[in-house]
Amino acid sequence: MAVSPARRLREELARKPSPPADKLLLAEAAMRLVRDGDHVAVGGTLYSRTPMLLLFELLRQGRAGLTISRPLSCYEAELFLVGGLADGIVTSWVGIGLPWGISRVVRELVEGGRATYEEWSHLALGLRYKAGAMGVPFLPTFTMLGSDLTGLVDTHEMTCPFTGETVLLVPALNPDVALVHVHRADRFGNAQIDGYTHMDADMVAAARTVIVSTEEVVDAERITKCADATVIPHFQVDAVVEAPMGAFPHECYGRYEADFAHFDDYVAAVRRDGLAAVSAYLDRNVHRQPDFAAFLASFGRSRLEGQQARAAELMGR
Amino acid sequence: MTVSASRLLADHRVVFAGVGVPLLASVLAKQQHAPDLTIVLEGGIIGPRMLAGKLPISTNEMRAARHASMLTAITDVFLLAQRGFLDYGFLGAAQIDMHGNINTSFIGSVERPRVRLPGTGGANDIASLCNEVLVVTAHEPRRFVERVDFVTSPGHLDGGDARQKAGLVSRGPSTVVTDLALLDFDPDSRRMRLCALQPGVTVQDVRAQTGFELLAHPEVYQLEPPAISDLEILRELEAGAAVWD
Amino acid sequence: MAVSPARRLREELARKPSPPADKLLLAEAAMRLVRDGDHVAVGGTLYSRTPMLLLFELLRQGRAGLTISRPLSCYEAELFLVGGLADGIVTSWVGIGLPWGISRVVRELVEGGRATYEEWSHLALGLRYKAGAMGVPFLPTFTMLGSDLTGLVDTHEMTCPFTGETVLLVPALNPDVALVHVHRADRFGNAQIDGYTHMDADMVAAARTVIVSTEEVVDAERITKCADATVIPHFQVDAVVEAPMGAFPHECYGRYEADFAHFDDYVAAVRRDGLAAVSAYLDRNVHRQPDFAAFLASFGRSRLEGQQARAAELMGR
Amino acid sequence: MTVSASRLLADHRVVFAGVGVPLLASVLAKQQHAPDLTIVLEGGIIGPRMLAGKLPISTNEMRAARHASMLTAITDVFLLAQRGFLDYGFLGAAQIDMHGNINTSFIGSVERPRVRLPGTGGANDIASLCNEVLVVTAHEPRRFVERVDFVTSPGHLDGGDARQKAGLVSRGPSTVVTDLALLDFDPDSRRMRLCALQPGVTVQDVRAQTGFELLAHPEVYQLEPPAISDLEILRELEAGAAVWD
């Protein structure tokens, strides 16, 4: 997407009131905020704190022409491409992890020219969200210099007027929508994340519309009690969705581990059936389930509890 | 002055307040007509609730942070302003000129200042980055000067579209609230003009206390006096604030 | 100070090993790391979390030609200027607060040409530390544009190559030394701050040498238990100094309030005796006290406990 | 290969490790000769301690964060690298050329790639920003190519001072560790050269598996074989790691 001038971004914000009002919505209503053609930034990274409940709802509703950006993309990117909602991804890496090999789906779509993959270095993408969050149209960096990556994307080299050094300018990324999953939020949208925060805070501050799903909706008092743990202030948030285990089968730090066996099954099916396996996955887990709770229930309670127990064990609880 | 300032704050908005009149005006607004106004303070503080009688003396102290919903770094708060999240910013003024430029740095020349003032603090940032800037100051000829000795905080610079041409991304000062009047800026020339009078004040009173030719709005009106409830709330808020209880 | 090229800053860092070793030092030894002529960045802001124990020790030892930078400067700046250790300050504001009026000391010294006051906007100074922390020689901003402040300091305007907007570039500030006071740190230097963090984390990451004083030296386990509250990693720290009430008579969030009556006395003396009052203050509180503990003891236990009780009350404890 | 890599890590330094061989090598180094080596992982994780048998599969998960002294944002970790705090960075390679440039993006042309690889992830940043870069990869002719199809992660580019001229602020790859050998770069031409051989490997073996003319260090030596304790530690670390226990 083209870089927006600061004045335009600010005018958009100024048009929106930002009260600490009750923003609690059901996923179905919240996801209506996403429009065809939007650039949707997806919080978390790889298989950590992915806003899976929100993504599944969006996949259920269907959209066209979306672009999906994410620091490291996991198989949710494949669902959006094969599901026909998105025709491009902006990321630094796509796959699940070493044991699962290269993404056959992305290979097939990108090599065949049916989807675009705009590649930025991990830091460069982080700086793009950060520039967007800081309200400036670019940030300078020493990464990506000299590589062939810069030839494929919109960057500029300049000479630093203070030191004479060569720096690369990467453009701000202000997504139309940011979707993030957090540990706790009050109904106004003040949100806290435990552990590593990925790029969520910058993504949210940069975005034009923000939907937060949360493991727990808590009283405002719970937030003010440890206000230094708040990473998203309410006036950056448009909707709050209650989503216990809302990142599953991905992990949520301290709450539950990722379900690696689920990934195994998915990858085995793709190896066997190609893109059709992705459609079948969508059919089984999204379209034929009335909601995310039903999808979770399909794992069975003991498996879900096992994932929570593993997290507790790792946290030394 | 505090009451007039508070009435400029609309509900459902975010105000970047300094201590003193701005904070009092913001808390008053929340209690009177804008319960969902969010207060942000430069010390990394978002959404605090003040304790009556224990108002902070700076925006970087515990009293200012009470019951905040978010505590973070100073730079991050100003970056919220740069992104456009902060609707109102308040400024005081040692000097203010006909185009709303403010000086809090030097009286006299830069090389040999007659008075070295404390400096900008966050004032320049507020003037540059908050969506709308409200100036609150005592109305005296030595403050209301034709041209400030030094532009610490940019108003409309030389007037017209000078501010936009300088690259500034926000609209700048919309209103000046004083003990005598409420003033705004002519939409074309961006020169200060009289809008409304505090109760009991005449146009002549205002002109006498202004060190430059003041334009006037076609229809200058009278400001409503403070309500009894306004004064009660302010009295309660300030009680004991000056004593290190 | 001139902006340092990234390569030089990086080479300096590369020369220093960065083990998680025991860095616990007495203030006297730690402050020997500060050399004549250094640019010393002082953590906290105004009368909050000022590393007062470290500053008092430096004042006791004496130095020449220091430059002191700080977001908002309180009367510690006056001590360094009148004490003859520093001849310039880099800040956005100097004073104590509204009730205490304009700093007579800074007025006299700066108006008389005996000290320099390099003025940046609050955000611009914050961005200078942040650029230093990020390892880039500048950051872009929309602040300070159009004002007369830019004419007095080293900034550059440029046209954004992405949007055509005018942006101001502010240069990185990489202080020779950063002095910060935190709530808790382990002996390796992993440090945590409660409440607002001022600009400390950026200042520390930007600086060439870092001395941290801490209310409490804690076991490494205490840090790892809430690792998401750590804002300074050990490899950024050169020395750790144990300093209970080490920010007093300034405040430390949640621990003790600032001693406003102490400020009253100081300002009253300056109004009466001018610069001589500052020398007398130094004499009484620094030079004639064997150490900071003795300075604290001079307040009397009940006054110190009173300040702690006020903090506890504000925290709702 | 893992053991050879681990021996390159000096104590009292900070290593930016990825999962797999880099993490194993780093943990091994800590247990053997570098107890005060600090591990940093791209998922915002500083100073973690791994649990034997529960090694992480990605650097962005709980297993990777165990007992960390600091947990923060991804971007912040890379900014530590940009500032110069991260001494060692590890890279793998789908393709690596005679100047240490690495490709993990496209095999074939960009427009019509034969293989669209997963992409840079943090590899380009590590190559650009860590003080010293160590490459660990299997030694095969299809990997060791004269010129990579695409420079994802800059090595010494066209050799000589090309890297510095491009504006890169760190020294780039110093060493390539493979299952056959240890290689470095000629100080002038910055071309890859053979330094040392893994036990039982000959110079001819290495040349046969290298798709370009390999220079050789004046004194090629034999690497020490892994100690029994090395293998024991690695076995314990990996036990169960591949099973979703």
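A few notes on this one:
Should a chain be cited, it is by its letter among A, B, C and D, assigned in written order, with residues numbered from 1 in that chain.
FYI, a residue touches a chain if its C-beta (ideal position, glycine included) is under 8 Å from a C-beta of that chain, and two chains touch if they have at least 3 such contacts.
The structure displayed is predicted, hence computed values, not measured ones.
Shared contact partners of chain A and chain B, listed by label: C. Chain pair with the larger contact count among C-D and A-D is A-D, by C-beta pairs in contact.
The distance from the centre of chain B to the centre of chain D, each centre being the mean of the chain's C-alpha atoms, comes to 56 Å.
If you average the Cα atoms of chain C and of chain D, the two centres end up 39 Å apart.
One finds 28 Å separating the Cα centroids of chain A and chain D. Mean C-alpha positions place chain A and chain C at a centre distance of 37 Å.
In chain C, the residues touching two or more other chains are 6-7, 135-136, 141-142, 165, 167, 195-197, 227-228.
Counting only residues that touch two or more partner chains, chain D has 65, 71-72, 79, 82, 129, 169. If you check each pair of chains against the touch rule, the ones that pass are A-B, A-C, A-D, B-C, C-D.
By the touch criterion given at the top, residues 11-14, 36, 38, 46-47, 65, 67-72, 79-80, 82-85, 87, 129, 131, 169-170 of chain B touch chain A in their complex. By the touch rule above, chain B contacts chain C in their complex via residues 19-20, 42-45, 51, 54, 57-58, 60-63, 65-66, 71-75, 78-79, 81-82, 105, 110, 112-125, 127-129, 150-154, 157, 162-163, 166-169, 242, 244. For chain C in complex with chain B, the residues that touch the partner chain are 45-48, 71-72, 91-95, 97-99, 102-103, 106-107, 110-111, 113, 117, 119-124, 126-127, 129-130, 141-149, 152, 157, 165-168, 195-202, 251, 253-254, 257-258, 260-261, 264, 311, 314-315. Residue ranges on chain A touching chain C, taken from their complex, read 3-7, 135-142, 154, 156, 158, 160-165, 167, 169, 171-172, 193-197, 227-229.
The part of chain A that touches chain B in the complex is made up of residues 6-7, 9-11, 13-14, 17-21, 133-136, 186, 188, 190, 205-206, 220, 223-224, 227-228, 230-231, 233-236.
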